[in-house]
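Below is the structure I would like to discuss, written out as structure tokens.
All chains are identified by letter, namely A, B and C, in their written order; residue positions are counted from 1 within each chain.
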Amino acid sequence: MQSAFDRRRINGPEESSPPVFATEALEIPSGNAQKTRKGRNTSDIRPIFLQPGLISQANGSAYIETERIKIACSVYGPRQSKNTVYSEKGRLNVELKFAPFSCERRRAPLRDAEDRSIAVAIQQALLSSVRLEMFPKSTIDVFLVVIEADGIEGCIASGSIAASTALADAGIDMFGLVMSCSAAVVGTEIWIDPTQEESNLADGSLVLACMPALGSVTSVWQSGRMTPSQVLTCIEACESKCTDIHSVVAQSLLDSARAATTTNA
Amino acid sequence: MFEFTSFRHPPDNYSIKNAPDDVDMDEDDDDFLETGGLKLTCPGESLTSAQAYMRGHGTYVDKEEVIASVCGLVERVNKLITVRAVRTRYNPEVGDLVVGRITEEMESRWNSRQDAVLMLSSVNLPGGVQRRKLESDELQMRTFFEEGDLLVAEVQAFFGDGTMSLHTRSLSYGKLRNGQLVTVPPILVRRLKSHFISLPCEVDLILGLNGYIWVSKHVKENEREGEEGFDAEAVYSNRNDHIDDSTRTAISRVTNLITILAAHSIPLTDTVLLEAYEWSLEQEGDVKDLLQEDLGDALVATILAKGA
Amino acid sequence: MTSISKAERSYIQAGLLANPPRRANGRALHDFRSISLETGVAPLSNGSARLSIGQNPHEGSGGTEIMASVKLEVESIEEDGGRIACSVSCSPSAYPHLSSGALDDLQHDLTAVLHQTLSHPSLHPKNLGIIPQKKSWLLNLDFLVMADAGNIYDALFMAARAALWDTKVPRTRSVEYKSPKTFSSASGDMDVDQDTASGFDTRKVSHAVDFEVPDYWDEGEVLEGRERWPVAVTLNLVPTIHFLDATSQEEASCSSRLLLVYSYESPSSPTVQSMRMLGSGELTIPQLKDLVKEAQKYTKDMVTALTAKLVEEDLCRNQKARDKFVKRK
């Protein structure tokens, strides 16, 4: 703030905003015609790259990439709770931070409202999967950093997968792995795993988090306008995708566990 | 299922009357003190001269005059003037029965709401009444009482800073179960001979002087005693007995009645509650209908008529 | 969260699972406590409402109490149509046991759900623009939670609908500035080179640069599409059953809730505007389907009763204003 009134220098204008570069020709949306999805089928998800154990100083960690979404997650705990109130069940604390360079417009390094919303959604997804009754008086901290973002729903879904993998990597007792998938309703079609552009076109979107091993849903997050039947169709489509993602994640965890045991032995 | 009503509005005919010009306060007071009528006062109002009367709670002395320091009713006992506040925090006395909730556990004591402390030495430990306290008991305090537990206790003494010290050393005190809690303003619970009330519908009431009232399923008299085999499991257990439907309905009914009576500022005694219960049984409609405004007013009118 | 003991919790749960189910004050599983609603309570705002659930009818104590108010501001923008911004603030007296950090977090969470739901383009009213591409109304919807005795989300959405129903947008008129015609000299000849407007030119190019409010005392018109504003129902979940309108003790006894927000623009085909699972519970897909259907029934009843009350309030207020005018001294 002081720099704006610095009389020894030539000050720029008080209000300024970053330039936005138009790289590709922007397409003007063609009104109410049904839009078709580019590059993928309506029910295809983007390919996932998942690497557990990337951050060595944390108890557990995972790094996930799905095309343009890149999230790193680290887990610390169970550690003793700092506040003195005794609780029989452990506490799960999820904190998320967008890196300043993660979105098109620079995000300030302070915590803002959107950080907390996504963190709350991820915590809701994970809450029923961790066996918190085994850790009285303790806190499990899950820290997520979004390195590149592409849509809120995508961040929530990928963040939940990364966090669950990191918890498994940390050896924390869980009932099952949490998988998460998002869907958007565009006109009459349902597009699975939408990007930022695609969800801007959508009437409504939904993120589902479930534990495929137990067949139960831990969190549903829906916003926008959808008919009840569309909601149920989205939920079913997401659930079947989550089962597919589960096999990928389980495989990568087993691979990293195998690598760890061979190096130890 | 959905019932929309409107808010109550205060009547529109409030007007500030002009204060009479020459009101001679002292004369009035002397007359009052002779005749013994009811007098309401507010802080700063001078009551009487300090030469003739001693001051009690709710008053202070300034320049030879006794002046009220709270809003309330002036009471006179012989030469002692006190002012009893209309709405106040609960003022504990030794020997009072209170219902409290554990808020915190500390080194060898539990903390309950509103500055009261229950020491480990003041509870019955398993193994008999005369057992000496061991260190292992301190580490296992949570097996007796946990945070959030409700219990009924008696005020034993006061510490120097005004904190109450409670004890549950009698067998009728201890952890509360099989029921639900209702909160009322503390002044509506008067000091009675016994705060354990049994209503004929199989419902027990414990009237805590701090305004917490526990409504529960009836416990038979003989089950309460039993000094020889002091069963720690049973006394400190968290499990409720099976409560059947009619008892549950009766508990809900009594809870609603207490809420209505408290909203109308009627002091709670066993006779009042019994009459209210019988009246409510005569009404048609469900337990939840009791909470409607017209039924509540009718109940209060009946009670006041019977009382007067 | 209010703290309750294990014995109280199992008493409440056993009562809910009993046959027939029994709740603390004798309500059925799907009964709401009595709801008091009044609109037009804040005269300086463009629309307002005060709502309370479960308040004691005699004394006015207890219960969940919310005040919602709408204030319109003029904004200079690039895109058309205006925007809506919601914010919830919780009075510390409503949550005496929470620290200020936890209170901020709670405020933020409530704001996020309300803002994401109500500011979605599908609910946007069409009469919030003033001058296209230049000025529009910013609708600030502010909530104040004065007391919380359970079921805060249902109360907030109902208060939102009531305040938005009550909102009147001032009518505006665009103003153009035209440069004065140049007069020729005293000869009085008409300047034949003057541009004449052709009758075939039917373009409506707006040169409006400013606006005025033609009638200061006119409250304005109602928001377009006010039947669209949604209502919410929170289904509290105990394994095998669900119940509505939980008190704080009931909320502390059952940890899992499902919040569903429905909009009834056309009574026969409702749309889901928001759905959140809250708390630590799991559901299977068939259970989720059933709950979505049940919520539809509950919200339909809620919307019918709420709209009837709001219409009644509208009529009542005109009558009250007339009475007050008559009684003035």
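We take it that contacts are C-beta pairs under 8 Å (C-beta built on N, C-alpha and C of every residue); 3 or more make two chains touch, one makes a residue touch a chain.
It should be emphasised that the depicted structure is a prediction, and the values quoted were computed from it without experimental measurement.
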Chain located farthest away, centre of chain B as origin (C-alpha): A
Most heavily contacting chain pair (counted by C-beta pairs in contact): B-C
Chain centre separation (chain A, chain B; CA means) in Å: 51
Geometric centre distance via CA averages, chain C-chain B, whole Å: 40
Distance between the centres, which are taken as Cα means, of chain C and chain A, whole angstrom: 29
Junction residues of chain A, two or more chains touched: none
Contacts with two or more other chains, residues of chain B listed in rising order: 147
Chain C partner contacts - residues on chain A that touch it in the complex: 113, 116-117, 120, 124, 127-128, 132, 203-204, 206, 211, 214-228, 231-232, 235-236, 239
For the chain B and chain A complex, residues of the former touching the latter: 104-105, 142, 147
Touching residues on chain A, where the partner in the complex is chain B: 84-86
Sites on chain B touched by chain C in the complex: 1-8, 12, 101, 103, 146-150, 175-181, 238-240, 243, 245, 248-249, 252-253, 255-256, 259-260, 263-264, 286-288, 290-293, 296-297
Touching residues on chain C, where the partner in the complex is chain B: 3-8, 10-12, 14-15, 18, 20, 22-28, 30-32, 34-38, 50, 52, 56-61, 249, 298, 301-302, 305-306, 308-309, 327
